[in-house]
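Each of the next two complexes has subunit A plus one more chain, namely subunit B in the first and subunit C in the second.
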Partner chain A sequence: MMVKFKSFLKVYLQTFIYYRLQAFVWAVVDVMPLVVLIFIWQAIYQNQSLVAGLNFSQMVSYYFLLTLIFQLIYTAGGKNTISLEIYNGQLVFFLLKPYLYLKRVLAEEISWRSIQFLLFLPLFFLLMFLVKDNINLSLNYLSWLWFFLSLALAFFISAFLDYVCGLTAFWLVQTITLFHLKEICYWIFGGLAFPQSLLPAWLQKLNLFLPFYYVFAFPLEIITRDFYFQEIALRFAVQFVWLMVLFLVYKYLWKKGLKAYEAWGN
Partner chain B sequence: MKLGVINHHLKVFLKFVQFSLMTKMAFRFDFFFGYLIDIGWLVFTLIFFKIFYLNVDSIVGWNYSQILILLGVYWIYQSLLYGLVVIYNLRRLPKRIWTGELDLYLVKPINSQFFVSLKEIWSPIFLNLIPAVWFIYLGLNGLGYQPSLVNLLVFVISALSGILIVYAICFMVVSLAFFVDKVDNLPYLPLAVIDYLVAYPIDIFKGKVKLILTWIIPLAFVCSFPVRILLGQLSLVYGLYSVLLALVFVYFSSLFWQYALRFYFSASS
Partner chain C sequence: MEFFLKTKLYFKNYLKGFKNYFRNFKIFNHGHGFKTILKLYFRVYQCFFKNSIMAESQYRLSFFLLIWFNFGWALVYIFLYVFIFKFVDQVGDWNYQRSLVLAATFLLVRALNSFLFKQNFQNFADLVYRGDLDFILIKPISSQFMVSLKKFYLRPFVRFIFAWLVLITVLVQNQIKLNIILVISYLLLLLISVIIVYSLWFISCCLVFWLGNIDNIHEVFQPVLRLTALPFDILPGVLKELFFLVIPLVFITTMPAKSLLGLLSWAACVYGFFISLVLFYLSAKVWHLALKYYVSAA
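Coming up: the complex of A and B.
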């Protein structure tokens, strides 16, 4: 099973290296809004030392890490691969192959992420140099262990949420609206726009039960703030539950979708 | 440029708008879904600034009402630039260059830059202007300020000039597709940088960065300066500067386009 997955990875890595300039452009495009937000906070903190309990160093650390996490976690296979292949009938080609479609999509996703991440690293180090005096991260090894664990779960939540949106192409003429809605939810609830502590208290509580929080905001909070053990355990449990739910929804939609699917020509 | 030539291009542009509307309205579902997406992002931007102002009193001296006006101007900029030029035209230009489809644009008896930039229009843009104007009205109402007719006129001229400046910059970057291979997302590069720089007051930047963004890559003239002209906080002579800068940038984009065309090899369409 892993042999096929490794073969996919190798093929896609070779393909995407050819498109390295494109990957670099996406890395810049993805990072730009977060960098500009640092400038905004710098301007705001000239008039006040704390915003929603966070000082400037904590805010900068948040966005600094967010640029890195975004490159690792964000997935686009649902829009760029799954929904496109359903619409243009190319899915039939892959259904006839002796491997799981999900395996191929994940391999493509991981390969593209890897190339884009490598090309993003020089920008990341430049950003680190510019904000190094304001980075304030936890030095607790346990925090970093929880961080990488939550990051791994976050990647799969992001992937399955994306793929579930992509699979709606079996029934919907327009899936682009769903993808845009997902983006907006990431920005508001997922922590892309601002730390969760800026949201009203009731919205912060609601957010703990939504999947978007567990994609970007939760891994970031592990490193930038302190948690009690019960708090972090509960949030990991919810993150894991969301992963299972999204995986099951994916399986269900895939099975139902294939029954409804028609393609011709090609 | 002769008046007859301008008149001819204007008539052609109106035909582009007519055909685009006719085509897009044939798929009403798509048309309204596209508009829904735009409204979704506008609502998000409003929520974004609302949450900011729950936690801070002002952003570099700009209060919520002033930010609403800025948001309205930003939305007008985005709607017009993306709707007229980016979505169906500049975004597809790199592929047209690589596949040789550009031939069809170059042989027509019309300015090729005009044709590749404005051939197809994203129809919901005209609907997008409604909430944008509404935000500007709400902001002015919140400030209890009524701009004079002169300020209003110079504001409109400077806002449109700002859009032209960004168009020229984007066009020059996208024209690099003549020199680089297979970079489909080239149009997104200048837009991602510029969109986020103009969406906020220019005063968030300091020193050399602010100077560069005001006079060298004059993004301050896109949203921030028009708003300040409208509110009577900036001299009306900046309206003249914006027009001059727009003319200079568009002229240079035209020169660069003519230069880049020399490197175009048709794919024998």
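Coming up: the complex of A and C.
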């Protein structure tokens, strides 16, 4: 099972190295908002030392980690691969092959993320060096263990959420609206725009039951704040439940979609 | 001394060339006068607009939903300001009301530039890589005009209206006094910002002629545009000078907002006007240089 997956990884890594300039452009595009936000928060913190219980170092650390996590976790296979192949009829080509379509899509995603992450790292370290005095991270090894575990689960939640939106191409001619809705939810509930502590209390509680929180905000909070064991265990449980729910929704839509699917031509 | 004389001769010949062109305009343009050429371009531009509406009308429901999602992004952006100002009183010299004027101006500028140029620059790399630029180069019309203005992106329509509503609401609620000069200077600076954004965006897209097939070349300029959401007063001194004198990003959002608030000098406006013309001229020169490196796919 892993042999086919490794072969896909190898092929796609070789393909995407050819498009390294494109990956570099995306890396620059992803780093620039960090620069903008640091200037904004620097100006805000000139007049006060705390904002929503966070000082400037904590805010800078938050956005630095957020940019790093975004590079590792954010998936676009639903929009760029699944919905496009369903719409163009190229899906037929892959349905005839003796491997799972999901395996191929995941291998493509991981390969692209790897190339882009490698090109992103030098820019990231340069920025980190420039603001190193303002980065404040916990060195609790247990926190880092929880962090990497939640990151792995977050990647699959992001992937399945993306693929579920992509599979709606079986029924909808244009799926871009769903992807926009997903992006808006990431910005508000996922912590992409600002830390969750800036949200009203009732919205923070509601957010714990939505999948978007567990993609970016939860891994970040593991590193930037302290949790009780019961709190972190409960949140891991909800994260795992969302992963299972999204996986089952993906399987259901895939089965239903294939029955409704039509393609013609070469 | 020799360099000075050579430069003087170069600009003298250049100006002679311009005088010659305008004196013999009809000969250079197949017997058509300046007004006729302008009318022809306007008619072509009208056709482009009609075609864009027809293209979007193919998927009406999707178009309708995308307009509102575009508006949703604008709402998220404004809510960001609302959230931040719940915890702070000001960012630098910019209080809540001034920041909302800046935010509304940023949304206006983005909506205008997306409306006019986004679709065209998204297809730019494809045009060059697939050789479809040939069909544009053989037409009896400016190729830069065709490449830059052929398609309209109609989705920011509600965002554009929303930005004006936010701006008017902030001005009325805070009783910010306006006069005809402030309004005219604001509109002029908006026009200058569109020219500057176009020129910089176009120049960044022309890199595809040298760097090869980069599908997302149009995204190179997007982070720079996002930077203009900042009030440039909060930047350190060196960066402030850089973004005023060298790469005039300050004229994209900050200066129009300041002009409406009565905080801008006429000297800065005049400088902005000239720098926008220089950048536009530079974009034309870069385009002509880039075409020399264009290899058709035939």
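One rule holds for everything that comes next: the second predicted complex is superposed on the first by the 266 of 266 C-alpha atoms of A that agree within 3 Å, B and C clash if a C-alpha of one lies under 4 Å from a C-alpha of the other, contacts with A are read in each partner's own complex, and residues count from 1 in each chain.
To be clear about the criterion, a contact is a pair of C-beta atoms (placed from the backbone, for glycine too) under 8 Å apart; a residue touches a chain by one contact, two chains touch by 3 or more.
No experiment lies behind these values; they were computed from the predicted model shown.
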{"item": "Fit or clash between subunit C and subunit B when superposed on subunit A", "value": "clash"}
{"item": "Contacts of A:33 with subunit B and subunit C, given as first, second, both or neither", "value": "both"}
{"item": "Partner chain in contact with A:189 - subunit B first, subunit C second, else both or neither", "value": "neither"}
{"item": "Partner chain in contact with A:181 - subunit B first, subunit C second, else both or neither", "value": "both"}
{"item": "Touching both subunit C and subunit B, counted on subunit A across the two superposed complexes", "value": "21-22, 25-26, 28-29, 32-33, 36, 39-40, 42-44, 47-48, 51-52, 173-174, 176-177, 180-181, 184, 187-188, 193-194, 198-199"}
{"item": "Of subunit A, residues touching subunit B in the complex", "value": "18-19, 21-22, 25-26, 28-29, 32-33, 36, 39-40, 42-44, 47-48, 51-52, 173-174, 176-177, 180-181, 184, 187-188, 193-194, 198-200"}
{"item": "Complex contact set, residues of subunit B against subunit A", "value": "29-30, 33, 36-37, 40-41, 44, 47-48, 51-52, 54-60, 180, 182-186, 188-189, 192-193, 196-197, 199-200, 203-205"}
{"item": "Residues of subunit C defined as touching subunit A within the complex", "value": "59, 62, 65-66, 69, 72-73, 76, 79-80, 83-84, 86-92, 211-212, 214-217, 219-220, 222-224, 226-227, 229-230, 234-235"}
{"item": "Complex interface listing, subunit A residues touching subunit C", "value": "21-22, 25-26, 28-29, 31-33, 35-36, 39-40, 42-44, 46-48, 51-52, 173-174, 176-177, 180-181, 184, 187-188, 193-194, 198-199"}
